[in-house]
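Here subunit A shows up in two complexes: once beside subunit B, once beside subunit C.
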Partner chain A sequence: MADIKLSDIQKSYGDIPVLKGVDLQIADGEFLTLVGPSGCGKSTLLRIIAGLEALDQGEVLIGGRSMNDVRASQRDLAMVFQSYALYPHLSVQQNMETPLRLRDMSFWERFPVLGHLFPSRRLKTVSIQEIVNETATTLKIDHLLERKPGQLSGGQRQRVALGRAMVRKPVAFLMDEPLSNLDAALRVHMRAELAELHRSLKTTFIYVTHDQAEALTMSDRMAVMMEGNVLQFGTPDDIYKDPRDKRVAAFVGSPKMNFLPGEIDVQGRVSAYGIPIHKSNHTEKGPIEIGVRPEHLEVGPVGRNANQWPFTVTHKENLGSDFFLHGHINGSDQRIVARATPEKAQQISIGAEIKVQANPAMTMAFAADNRRIELVEG
Partner chain B sequence: MMGQTAPMREAAKHAILILGALIVIIPFYVMVSYSLKSPREIESNTGGFFGAQAPMVDEYCVKVGNPKEDCLETPVIFNYSQAIKKAPLFRYLLNGVIVTASIFLLQVLIALPCAYALSKLRFWGREFVFSLVMFCLLIPVHAIALPIYIMLAKIGLTNTYASLVIPWTISVFGIFLMRQFFMTVPDDLIDAARMDGMSEFSIVWKVMLPTAIPALLAFAIFSVVAHWNDYFWPRIVITGDRDLYTPPLGLREFQGDADGSMWGPMMATATIIVTPLLVVFMLAQRRFIEGITLTGMK
Partner chain C sequence: MAVSSKNTGFWFVAPAVSLMFLLLIAPVLVAAFLSFTDYSLGNQGFSWVGLENYIKMFSRSTYSKMISASVTYVLLVVPLSIGLGLGAALLINSVRHFGDFYKTIYFLPVMAALLAMAIVWEFTLHPTIGLVNETLADGCGAWTETVFSFGWIPGIDGGQSWYSKGCQDSFPLWFGDKSYSMGTVAFIGIWQAFGFNMVLYLAGLTSVPRELYQAAEMDGAYRAWDRFRLVTWPMLGPTTVFVVTITTIRSFQVFDTVEAITHGGPSKSTYVMMYAIYEKGIQQNLMGIGSAITLVFLVFVLLLTLVQRYFVERKVHYA
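Right, the complex of A and B next:
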């Protein structure tokens, strides 16, 4: 059992708070993603879990044991860095052997020349080499073992970095944006491969990324971080469909969710751009923001319904399977994006005046302080 | 217009560089040339670079009572054999190797952990300590030579290898150079080593040292050249025992005694002293330049 529990983690650099009390409970074997914009403290949190950074307050528990006074190397965690951080002067094989040699051999057994006097060294060397070869085969880098990191491509280095982390069979893998230095095609490929690796290893992964698509596609659960806080923690599905905070809603999903100026009138009816959206709320009043994802903005004209927004198309984005129509509602200068099927989009030219309508079931409302406001039918 | 001025400017640049190179090379030229010539050729400035190599008379040999015919020698052979015979030059060279190697090894032993701490560890007062290092760079050795000499004398270390080595073991220049290089080593590499279970000392010797080889070579050349060629310090602390002479002290053997300066053997000695340095530099030239430009790792 190696569940990881973070309670009230706080950290400042100087007088700038970077983490403001983070609580997370990570189950054994889970693929957890920490996602958020650059500078929100993801790496800092990961480094605190790893033991590379001291925390100001709070506690890191691994398998129920407090890790606050345990050194990084004693926490039985492995880390994959964005820059891969391979030892440039060692071969791939030696890179992968290093963590095992440091863990399994004594100081004297590792000692150059003198170490050969110990019979135990030979046995250990053999078993270490076996593990390295096995891991290299799994990662399909067994033909690269003799090379130096400088002679490898980005993707190959990435695999070696993974291999160096895997050989130790740690209780959890910590990965800090491991794919961000790869080209786009390889990145998408490696997403699938990492997810598969996770499934076969059945070990906890804590994965840091600023790319919401990576978080959505790979994780069992994701924690959306902003400005040193975890705003929401849940499954990708939950977070996409039911964001509890406007910043989460805006961050997750591509293209971004549209936010329309709206209000709740005295009867509790909700409208946006002056047109009712058939939803209501009886506890709040006043101006709010209505969130609609591009795929939930139906491109019309749709039937004879009068409750539709006039929409001026300014740009069409062709993704092959879908089109994204960019434009303005009611002549306001806010850019709104709506999704259309290729068939529909073909009939719409740039500059056309069309109508769009929000799917009421999928429409969300947010208060001025970013809080989600519950809406009911009617 | 441009097409015409550019070659002129190139030519001017080259002319200045060639002039500079000549100024540096001429003393070497003279040194090597004198080491090949007979005293008469040196005094009358004849014989070109190599000298005529006409047999010459060894005055000293005649003085001790040998017939003139037995004392004829080719100048080049005379100069170099005198250089080796008159002073135990190989002993001096060995001393030079022992002293410069010990100095360099101890400097590395101290500079690397210091540079690592100053570049990669966060501790209170780090910037202040580094500014002290910078400050020490400004202190000329001659200013502190006397106090150091007195200290060594008080603990009875003059006329020992230790007195030649100890004052130089802390090289602020080495700390500074290595610190600048270590700044370019990514922090992730050090964190990776920590995750793998290396101690901070292992990181210095097993991660930082191997990545810093080019910078270390550059430092090695500065250090070895400075201490191999140093005349000032050995002259002060080695007063009696000729067995401890370093190569530059060996040059004194040929300096004017009663029979005048022996320029030929003296220059032959000088040539022998600088040759090892030149050879090492030629071998390490490429990596030396890499180290100076600090294009370490990315």
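Right, the complex of A and C next:
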């Protein structure tokens, strides 16, 4: 076990820069998620950590030791691939034995036919099988050991791939979208199981996903990547409540944050759609964007307060526990989403003209260059 | 007049089935029938001889030599051309540059007419004026003899080596010497077949998932041999089965080189089945015995196909 440090990782394919100087410090035993839209370079970064891809500049340090000249097989990392990459001709048992045989048996002990002449081979085989059986029991795949990968379901293959990674007790697990080939229900179930597995193994997990919900639910810390940069690195709570960049705010959370056109006037007061939101900033001026999450838009009318936006409901989305009301403010064509309780939503029909109001404490402002603007009360 | 829909299917397959029967099955049946007679082309009639043709085949030494020549040829050409083809494919697949250049060079013998190439090899390997023996003779007494007589390796008497003996007496007659003829004919077969096998293996290699190599690397397979054993060789299983079957059948069919150069000799050392069929059936007009050899030949090919179909294919397809 060891901490992993990435400093100024850069990588281009031809003329196209894919990673533009990534710095990350991953603590020992941490569950770190790399999350971002498709094509932002998450897999490339993971493969650079693994050693499967060469980097153009920067350094990967594992336990303080530079890994730049260490090949993938010597880094003592294990990887779970998106396609699982199980050996199709080997049984589940043999698939899981492979990393141990390669590590513990000498070249000649593994040699076909000749290997059986070594008495040490038998002893090692027994201890390898013990580890495999133990791991298979943990993952509840002990009844599948004789099968070939072709005879398994997606979820079972996923467990076998996990098992193959676990038997060696590596320094860290690298996982590239391991749940993306599973159906929705199983994916939600595996989220919990993976998080539990991480807690019991206490080993570093580096987990790549494009699904912000996976990142929020599973990780200790998450790094939001976009266009080859890490935009923000922090706990899921931090990133959700305090995004430092408009792109992070838009990416994390579902349904995504609403952005309303607003401005800061000469007195520093902030308004959106001409209505003040009781916040101010005294260093910036001019047009800005106001970010409000759907759950922070109160559906009204709320009391006799005049500072509310007129809202035309165009669509109601029923999630059972909650309703999401889609519509427009002030007749603009921008789609806005607000959350309502089922009781409240029942009284509102499609086409209704209602009022909505932003919760001032939860309102954020962003500059034209995506930068977060700090607001103070008043 | 309506055709009942139950029988419509038969009408659709009828053209294909009748053509298959006429062009493929009927000739085999005719050959099977002829193999029990003493028919000659142009004769008015023929008489029924029962199993005589087959009894001849299994009792006369000519035919046991024929079988052993064919089997020797197959056992030489199949493993060597496949081994070389796989090796070349792996090397070409691993080089960054000039891959297409090597592919073209190695594929040239496949495209050339074997008959023409056989004649070129006949000249090249001519005992007195051939390029090979002249080059060998030029090396006598020079550094080549010193190196290739291996006298420099402790414990080996250079004077007794193949090269030094060749310098003292003469170099092999190749096609004219019965201890070299089969090897030389097989060499031409390997030279011709390996480019084809290489191309098949190259195609097979492109379908090996790259992620499997990466998984093997992550699992600790840092030696090329480990990755070959763990990924390449198993994933090439279907290709190998196909290559072995095709090469074996084609090797059983070897004819051009034998007809052009050795005519089955010397002393029947290269008397392969296809040449025997041609000599008996066409040259000597003994259709009966020719048909009998043809049927034995067919049985060999059929057995091969069955082995491929029922024993091997099941093991190499993993899906």
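In the analysis below, the second predicted complex is superposed on the first by the 377 of 378 C-alpha atoms of A that agree within 3 Å, B and C clash if a C-alpha of one lies under 4 Å from a C-alpha of the other, contacts with A are read in each partner's own complex, and residues count from 1 in each chain.
Following the convention adopted for this analysis, contacts are C-beta pairs under 8 Å (C-beta built on N, C-alpha and C of every residue); 3 or more make two chains touch, one makes a residue touch a chain.
Since the model is a prediction, treat every value here as computed from it, not as a measurement.
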Fit-or-clash call for subunit B and subunit C when the two complexes are aligned on subunit A: clash
Contacts of A:Gln94 with subunit B and subunit C, given as first, second, both or neither: neither
Partner chain(s) touched by A:Ser7 [first = subunit B, second = subunit C, both, neither]: neither
Which of subunit B and subunit C A:Leu102 touches, first, second, both or neither: both
First (subunit B), second (subunit C), both or neither touched by A:Thr312: neither
Which superposed partner A:Lys148 touches (first subunit B, second subunit C, both, neither): second
More subunit A residues in contact [subunit B versus subunit C]: C
Touching partner for A:Ala78 - first (subunit B), second (subunit C), both, neither: both
Subunit B versus subunit C as contact partner of A:Thr217, first or second or both or neither: neither
Where subunit C runs into subunit B (options 111-119, 147-155 or 165-173): 111-119
Subunit B and subunit C footprints on subunit A, overlapping residues: 50, 52, 72-73, 77-79, 81, 83, 85-89, 98-99, 102-103, 164
Of all residues in subunit B, those that touch subunit A in their complex: 186, 188-189, 191-198, 207, 210-211, 213, 297
Subunit A partner contacts - residues on subunit C that touch it in the complex: 209, 211-212, 214-223, 225-226, 229-231, 234-235, 237, 316, 318-319
Subunit C-facing residues of subunit A, complex: 50, 52, 71-74, 77-79, 81, 83, 85-90, 98-99, 102-103, 107, 110, 112, 148-150, 164, 168
Complex contact set, residues of subunit A against subunit B: 47, 50, 52, 72-73, 77-79, 81-89, 98-99, 102-103, 164
